[in-house]
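A, B and C are the chain letters, set down in written order, and residue numbers restart from 1 in every chain.
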Amino acid sequence: MSSRELILGRVRRALADVQPDDTPYEQAVPRGYLREHGDLSVEETVELLAENLADYRAIVHRTDTAGLAGTIAGLLAAHGSSTVLVPPGLPQEWLAATETARVADRVESTPDELDQVDSVITACALAIAETGTIVLDGSPDQGRRRITLVPDHHICVVRVPDQVVSSVPQALERLDPTRPLTWISGPSATSDIELDRVEGVHGPRTLEVVLVAPSVD
Amino acid sequence: MRVALFLTCVNDTLYPDTGRAVVKLLTRLGVDVDFPMGQTCCGQAHYNTGYRHEAEPLARQFSDVFREYEAIVTPSGSCGAMVRELYPRMGERARAEGRGDTLARTLAPVVPKTYELTEFLVDVLGVTDVGAYYPHTVTYHPTCHGLRGLGLGERPRRLLQAVKGLELRELPGADECCGFGGTFAVKNSDVSAAMGADKVRNAESTGADVLCAADNSCLMHIGGTMTRLRTGMRPVHIAEILASTEEEPLG
Amino acid sequence: MSGTFVGMPAFPKAAHEAVHNTTLRGNLRHATHTIRGKRAKAVMEMSDWAELRDAGKRIKDHTLRHLDRYLVQLEESVTAAGGTVHWAADADEANRIVTYLVKATGESEVVKVKSMATQEIGLNEALEAEDIHAYETDLAELIVQLGKDRPSHILVPAIHRNRGEIRDIFAREMSEWGRPAPEGLTDSPAELAEAARLHLREKFLRAKVGVSGANFMVADTGTLVVVESEGNGRMCLTLPETLISVVGIEKIVPTWQDLEVFLQTLPRSSTAERMNPYTSTWTGTTDSETADGPSTFHLVLIDNGRTDTLADEVGRQALRCIRCSACLNVCPVYERAGGHAYGSVYPGPIGAILSPQLRGTASEIDASLPYASSLCGACYEVCPVAIDIPEVLVHLRERVAQGGPATEKGNKVVLKPAKGHAAERAAMRAARWALSHPGALRTGQRLASRTRRLHPRTLPGPGKAWSASRDLPAVPAEPFRDWWQRTNGGRTNGGKQEGTK
């Protein structure tokens, strides 16, 4: 007998007390919890996102579409970055104001090569206000997972308010599980020394989130 | 209202003062108290040590002795929790073992009418000021089975706050276990003693004269630790504080 | 489980040393008290915590009640997404499978994400025996591995170490394993984290094989989820060419939607954060054009005692556990005894009910674990999937003391009572007899009262366990029932309250 059959057989014998008419999944779980916490306006939700991102030491910037390229150029300059990783589908105009050398997200790049790059800039799939989380799903404007991991400085652009959801349940509804997802809440951190949080371990130690609103013109 | 006092075997044997205090207090509040002589033990020690089958006859006996009363009052959070929480579970387990509904049916009548003393005072009699007088500084330790098993919440503290002359001091780390835990106190005596010592140190830090709780088993452990550590604090059951009056002061 | 725990003494003996180790006591007290307040605050933010807890419990219960169906569905989903599923009945089989898979890549080292399952099966030791080096990359696991130590906490395996001790371990050991610790390393947590970053980076960048566990596996999509903080998980899950995930069969949830419960309750319960810094989800492998992450993915599903646990109607709730470690952090026994005393990779209250079920109650340590609790109930109160740990502890005490039906490796057995409980059993039976006869109880009480002047405040022999640290209460002049009868319930003369102490 294969171990598969062995284990499944053990499971079935272990569950001999479970009746065939046991409550089906749809009725077994009462979902009395909230879809979102509080009744915030769109502006307040974006505000909450900014607060919670900052609470976990992400650096938050606010701008509008017209100001985005300038903001990004300023961030790269301030960080002293001479190279920046760019996913293939990143809107060209975002980088219109910077001279920083672009490095493409390529299959062939080795981790060591990625480690030489100063910064990475991406869009995101969505952001969650209640938890201060940005989610990347590997779309062309976000690139492969490793490009937002190895460089030490990540700039992530969130289009507000369209990409902002209030809560974790709302986020899961909008995300595609077949895509590899990375949920990011602040820069890398650890609680492993005396159960107290310290920022800055293996992931990017600086996370800058740019909340970009549509320009009013 | 015909109320039975379920004193518990520990109180009956070692802490008769607590029993007399409950009688005095309830009588003062107009309750007709009876002490059925057939009572012994709820079976908690057996059950929690892994001897459920030895606890069953004791539970049946409890039901036989107390089932005819309108209410059953006990000055012990853990024995109260035994009846209210664990008697139904014993019935369920017997059923799951193919022994039918007999045990569950036997125990069912006593479950809803068993009250820990402070619950009975606040919820059934509807009083928080019981007319007590106790001119001492007191800190209150909520015992685990009262706190988390029965959900006594603020009841004991509300009763204490209404006592004339009593100054209530907050106990740091109040909801942490004192380390008694029945046979835990001897099976894991090192950890139990360490927990007890920490509880006593927290109690001392309040500067109170008296540590009050609603369970003498825990007080036996805490009190035994207090005298060993020569703290000068005294353990006192809440019933004795609530029974104390200006005319007849206790403790 | 891990060979490092074989032959552990019973809990009380191991705890005896820990209780008197003041450094350890201080470290544990500091860490657990720090996190307790924070957890409470993170949970208070959620007005629907009770509903989330209930939903989490029910999702897990439902999944466990239909585990065969969900396992098959998971296998189909993972396979359809390009992964390969392996089944391991026990630790040895799981280790053989992983060793084989690593050897097939031609590599001799792997990087590891913190995983309770691989600790449980002793994977590192098994790989080492085949000349494959496994590098732990979680900071706390690294501290344990470099210190040749044993884990003592589910979330923070090095919780028993303070910053000064960690500094010393890094300064002394890092050079043996790779990049040495920076010169003049201090004990500031930020510097220690930086030292770990530098030390591990070369290993991440060259790694070809990653080994992980998973927090959740979604049956309907075949998605695996790893919840972490440092980014070492992301490194191991995305940079290597081959990923091998070793996961207990109870880690399934039926649907993607179910994650909305656990991704809210897990971070707040474990690190007291609204959300942990990084969560990775992946579904099989990506196509060669996307080429995001490992091109080869193996999922090793392990039983290793889980189906035996599942067979116990009371004990099976332990399989709901999502390894948050909130129960450890609030446990007064854990705080004083430390994690090592539990003799298992699963310490604390959850370990006390999980280890004796996964491993059975035959060994001295496993038979002692159900008693390693005062039954205070703090663990149950904080558990985000409402495992009634005291209920299971008492149930397992019964198994140890009385024996009875159990399941071992899939076979129904009837256990004999454990050794060393005969005297206790006799005493319990005698007490039950006396307590069933009020007259007998009364005789005993009177005897005690009459001889009370002779009673010592401390006890010799087995009674020393009590009186080594506590005085005995004085026996009163008469038991309550005698007073009641003598005074007609205090209604006659003698009923006047009188001091008896």
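One rule holds in what follows: a residue touches a chain if its C-beta (ideal position, glycine included) is under 8 Å from a C-beta of that chain, and two chains touch if they have at least 3 such contacts.
These figures come from a predicted structure and were not determined experimentally.
K.L.:
Treating subunit C as absent, figure out whether the rest stays one piece or breaks into groups, and list them.
P.N.:
So the groups, subunit C excluded, read A | B.
K.L.:
Give me the two chains with the most inter-chain contact pairs.
P.N.:
After counting contacts between each pair of chains, the winner is A-C.
K.L.:
When the centre of a chain is set as the mean of its C-alpha atoms, what distance in Å lies between subunit A and subunit C?
P.N.:
Computed from C-alpha means, the inter-chain centre distance equals 30 Å.
K.L.:
Rounded to the nearest whole Å, what is the centre-to-centre distance of subunit A and subunit B, using the mean of the C-alpha atoms as each centre?
P.N.:
52
K.L.:
Residues of subunit B that contact two or more other chains, please.
P.N.:
Within subunit B, no residue contacts more than one other chain.
K.L.:
Which positions in subunit C are in touch with at least two other chains?
P.N.:
Counting only residues that touch two or more other chains, subunit C contributes 313.
K.L.:
In their shared complex, at which residues does subunit B touch subunit C?
P.N.:
Spelled out, the residues of subunit B in touch with subunit C are 7, 9, 11-17, 19-21, 23-24, 27, 33-35, 37-41, 43, 45-55, 57-58, 61, 89, 93, 96, 144-145, 148-149, 175-177, 179-197, 220-221, 223-225, 227-228, 248, 250.
K.L.:
What part of subunit C is in contact with subunit B in the complex they form?
P.N.:
11-12, 15-16, 19-20, 25, 313-314, 332-333, 336-337, 370-378, 380-381, 391, 394, 396-402, 424-425, 428-429, 431-432, 435-436, 438, 441, 445, 448, 457, 462, 465-473, 475-476, 478-481, 483-485, 489-490, 497, 499-501
K.L.:
Using the touch definition from the top, list the residues of subunit A that touch subunit C in their complex.
P.N.:
By the definition above, subunit A touches subunit C via 2-4, 6-15, 17-18, 22-23, 25, 28-34, 37, 52, 56, 107, 110-112, 115, 128, 130-133, 138, 144-146, 149-150, 168-169, 172-173, 177-204.
K.L.:
Could you list, by residue number, the parts of subunit C that touch subunit A in their complex?
P.N.:
Listed in rising order, the residues are 27, 30-32, 34-35, 45-48, 51-52, 54-55, 58-59, 61-62, 65-68, 71-72, 81, 87-89, 93, 137-140, 143, 155-156, 158-159, 162-163, 166, 189-190, 192-194, 196-197, 200-201, 204-206, 218, 221, 223, 229-232, 234-235, 237-239, 249, 254-261, 263-264, 271, 273-283, 286, 290-293, 301, 303, 307-308, 310-311, 313, 316, 329, 407, 410.
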